[in-house]
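In the two assemblies presented below, chain A is common to both, partnered first by chain B and then by chain C.
This part shows the complex of A and B:
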């Protein structure tokens, strides 16, 4: 696999050059935080960040998207018949995504790309995207990626891994897609042995700092009903205000709603897909008025049980969490998934 | 890439009001593109999303049997935005149908067995599908005895009355119609709650599988009756419902523990359900 060394002076030019072949997404500073935005005229990429506030999950699942369109005009021969919005997707590259967030796409893919059904909206976008990750020299205090199947320089979800060497980026191709992207970059040079040495030292140094260890090793063997009936859920949920921030920011929260939106003159409509949240009582409200998760404790339990137990059991694998720490950082009442995982693991 | 969210366009061929409160109607739907009918190959116990442009979708059990050709039928209770709109639609109107979705009653396991069907209220739809399916001459010999207990609040609330009366007269099906109460002096069937009538009419769990579909209260009181008769939990089959959107296990809301009612269900055995948290 090939690699390239880009000086930081030429970096913005390199990103601009990629626009010939890709729709390029980069971190952009917005107020006190960073978010991923398309690189357009006037966009100023900023790689001086720990992580973006919003996760980049919108790349495959936009907060709101049109699934179908239709006309309700009875004079039209196709009135009331849903039409697929068959847009061609351009190739996209997201540059600077953190390894944890890239790994999140691997976890979420299991939900949308199944043996029985394939969600074309999610999968087409995923397949059109090249993931150029930026290793974490300075992980956030709230992060625990190493306990969640990922790590500061984890390659699993990436096509290219970037090492920030201070005055240059060392870009290492990891997949065919990554090779192809590197092949399309202008500038850069063959990395010398010194660059590789620096990258290895960096990896060791960050691993040595050690992100917080969160025990999850016993979750799989726990009885699901024992965890469900555990005495601590009231306590965990006590301060929750059901704001949904955790699900909104989480790179592995994928739940969505489907809603029809209609306009008059002309009488046309769209079937939309919007992010939804298990923190909201409407999420599970039956037409009859019955609601299996009407109480916030039930909803808080559902969120943690889904991430830390149901997903583990369903896919016979690790947790549905990459340890990015956003929910810990931004929860207004300081609910901490690391503590919940510890309590579940210790039950 | 096939789009599993895209409904087949269908036309409402007929609408029948089923109950005296006029809150339940049966819609027969016909595919606008005849080739779609073969793609919509279903098995009794499955459901589908009824799709109305501008209003949304609702998951409804399929009330027709795959042995009935040329249409797919659904009996819909009027409760919310989509169902209220549907109740106001007319024959000839165009809408959408997405599916078939979910699993089905365990037909392979039921072969050679005595089949006990216990239903209540408007949850009788997929049970109707199952009865029609089993009574089809080519299928009837695959099953031993068929016993059906079906009840509603009052005679006027029973679904598919003409068929019930016809089944009542057959000798290859043991049909027990009941109502919770009635002041009709000419009522010649049972009076009593479904669990009690089940206890009275079903005499053996020998070589039998029971399918139970009804309101939660009926299910709760029927379970102990069946267990007392000797049905092991894996031979008590239930069909569940939860709020759904996608119907294909992706949108995340209908889960019971790790299982999705839409994709892993809606049919579960009592043994399976006991392994799961009671989120329904």
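This part shows the complex of A and C:
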């Protein structure tokens, strides 16, 4: 696999050059935080960040998208006929995504791309995306990626891995898609042995710092009913205000809701798909009026049981969490998944 | 305010041991700097988890809704006013509450602190006893700040730091702030041209996720089903269409008219830093100007939108 060394002076030009072949997403500073945005005229990429506030999951699952449109005007010949919303799904490159967030797409794929069911929008978007990850020289204190199957320089979800060497980026191709992208870059040079040495030293140094260890090793063997009935759920859930912050910021929360939005004059409608959250009472409200998770304790338990037990049991490949720490940092009431995992693991 | 912690533990222990209350609602120290977690203590042996400092910014009144047991609860000035509002609105029974008043010197604006240290990692924030200064520690740096420069905006203009309704206090009352210009920011918006004001609102909510952290952090929002969650009829779309998002924010604010204590929990809770108080504060200002009203100051007076007075300033209602 090939590699290239780009000086930081030429970096923005390199990204601009990729725009011919890709829609390029880059981290952009917006007020107090960064988010990934398309590189357009006037966009100023900013790689001086720990992680984006919103996870890049919107690249494959936008918060809201129109799936169909229709008319309810009985005078029209196509009244009540759902017409698929035509979507442009161009080749895209997301540059600067953190390894944990890129790995998250692998977990989420289990839900959207199965032998039985394929979500066409998610899969097409995923396949059209090249993931150019930026290794974490300075992981957040709320991160626990190394305990969640990922790591500061984890390659699993990436096509290209970037090492930030201070005044240059060392870009290492990891897949055919990554090779193709590197082949399309202008500028850069063959990395010398010194660059590789620096990259290896960086990896060792960051691994040595060690992110917080969150024990999850016993979750698989725990009895599901014992965990479900564990005495601590009411305690864990007490402070929860049932907002959607944790689920909306989470790179691995994949749930959505489909809603029709109908307007009069003219009588037309859109069938929308929006992010949903298991924290919301409406999430499980049945048509009958019955709600199997009407209480917040049940909803909080569901979120943690899904991530730390049901998923673990179903796929036998670790937890449904990549340890990015967003929910830990931004939960308004400081519910900390690391502590909940410890309690579940120790039951 | 960190020095309140011991008193709070002693009071909670006594109340639980004497059986004055079945449970006590306070805060425990958070796992993340400048974030404390609301906690319910039932056993006197557990009171040592209780903690108080200048980062207790969520409104504990939230946790009273629907409770039928005897509860002890910590209440700062604004929180106590929300408890009063809860009692007036029949969401809490005063006889079942033991309100432990916390004379408050304000909550630290965690976003301002992060800005001040240029978004470097924060490992710990240590408050000095007395609370005038605090020190932020992170990898390779340590900086000390005056708390007065880092108050949440609602605290900086607060005129009711001391609880208005309580059964006992954790400490002596603190002096109230004088000569605060509470509505300067609202006036600035009022003076905008309508077009500019609309742009301002659109910009303000442009990052909104519709996660409803602002709504859910607010003790006033206790409806069994919020209008945004209704599907029959569907009052408002659930996507992130700006019209729907704006409808949510404006209607939320109007539902708080005459009830909001400007506790700041909504703004503090927002994961993307939207200054949602800009909406509620306008209505607080209107209530002061039109009805000489601030919410939750007394158990004996009804909020302006559910009373009729002959001296009402509006012609149409007289």
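By definition in this document, the second predicted complex is superposed on the first by the 342 of 347 C-alpha atoms of A that agree within 3 Å, B and C clash if a C-alpha of one lies under 4 Å from a C-alpha of the other, contacts with A are read in each partner's own complex, and residues count from 1 in each chain.
As a convention for this text, a residue touches a chain if its C-beta (ideal position, glycine included) is under 8 Å from a C-beta of that chain, and two chains touch if they have at least 3 such contacts.
If you're wondering where the values come from, they're calculated on a predicted model, not measured in any experiment.
Partners chain B and chain C fit side by side in the overlay (superposition on chain A).
Looking at the shared chain after the overlay, A:7 reaches neither chain B nor chain C. Contacts of A:43 after superposition: neither chain B nor chain C is touched. Touch criterion met: A:114 reaches chain B, while chain C stays clear of it. In the superposition on chain A, contact of A:203 is made with neither chain B nor chain C.
Of the two partner chains placed by the overlay, only chain B lies in contact with A:224; chain C stays clear of it. In the superposition on chain A, A:278 makes contact with chain B only, while chain C stays out of contact range. By the document's definition of touching, of the two partners only chain C reaches A:249; chain B does not.
After the superposition on chain A, the angle chain B-chain A-chain C between C-alpha centres rounds to 90°, nearest 10. In the superposition on chain A, A:259 makes contact with both chain B and chain C. Taking every C-alpha of chain B against every C-alpha of chain C after the fit on chain A, the minimum distance is 6 Å. On chain A, the patch touched by chain B and the patch touched by chain C overlap at residues 257, 259. Residues 67-68, 70, 72, 79-82, 84, 111-112, 114, 116-120, 123-124, 224-225, 228, 254-260, 262, 269, 271, 276, 278, 283-288, 290, 292-293, 298, 302, 305-306, 309-311, 313-314 of chain A are the ones that touch chain B when the two sit in their complex.
Residue ranges on chain C touching chain A, taken from their complex, read 30-32, 35-40, 58, 62-63, 111, 114-115, 119, 121-123, 207, 209-213, 215-217, 225, 229, 231, 234, 237-241, 265, 268-269, 271-273. Residues of chain B that touch chain A in their complex: 1-7, 9, 32, 51-58, 77, 79-80, 83, 93-96, 216, 241-243, 245-246, 248-255, 257-258, 263, 275-277, 279-280.
For chain A in complex with chain C, the residues that touch the partner chain are 30-33, 50, 53-54, 63-64, 138, 140-142, 238-239, 241-245, 248-249, 257, 259, 261, 272, 274, 277, 280-282, 328-336, 338-339.
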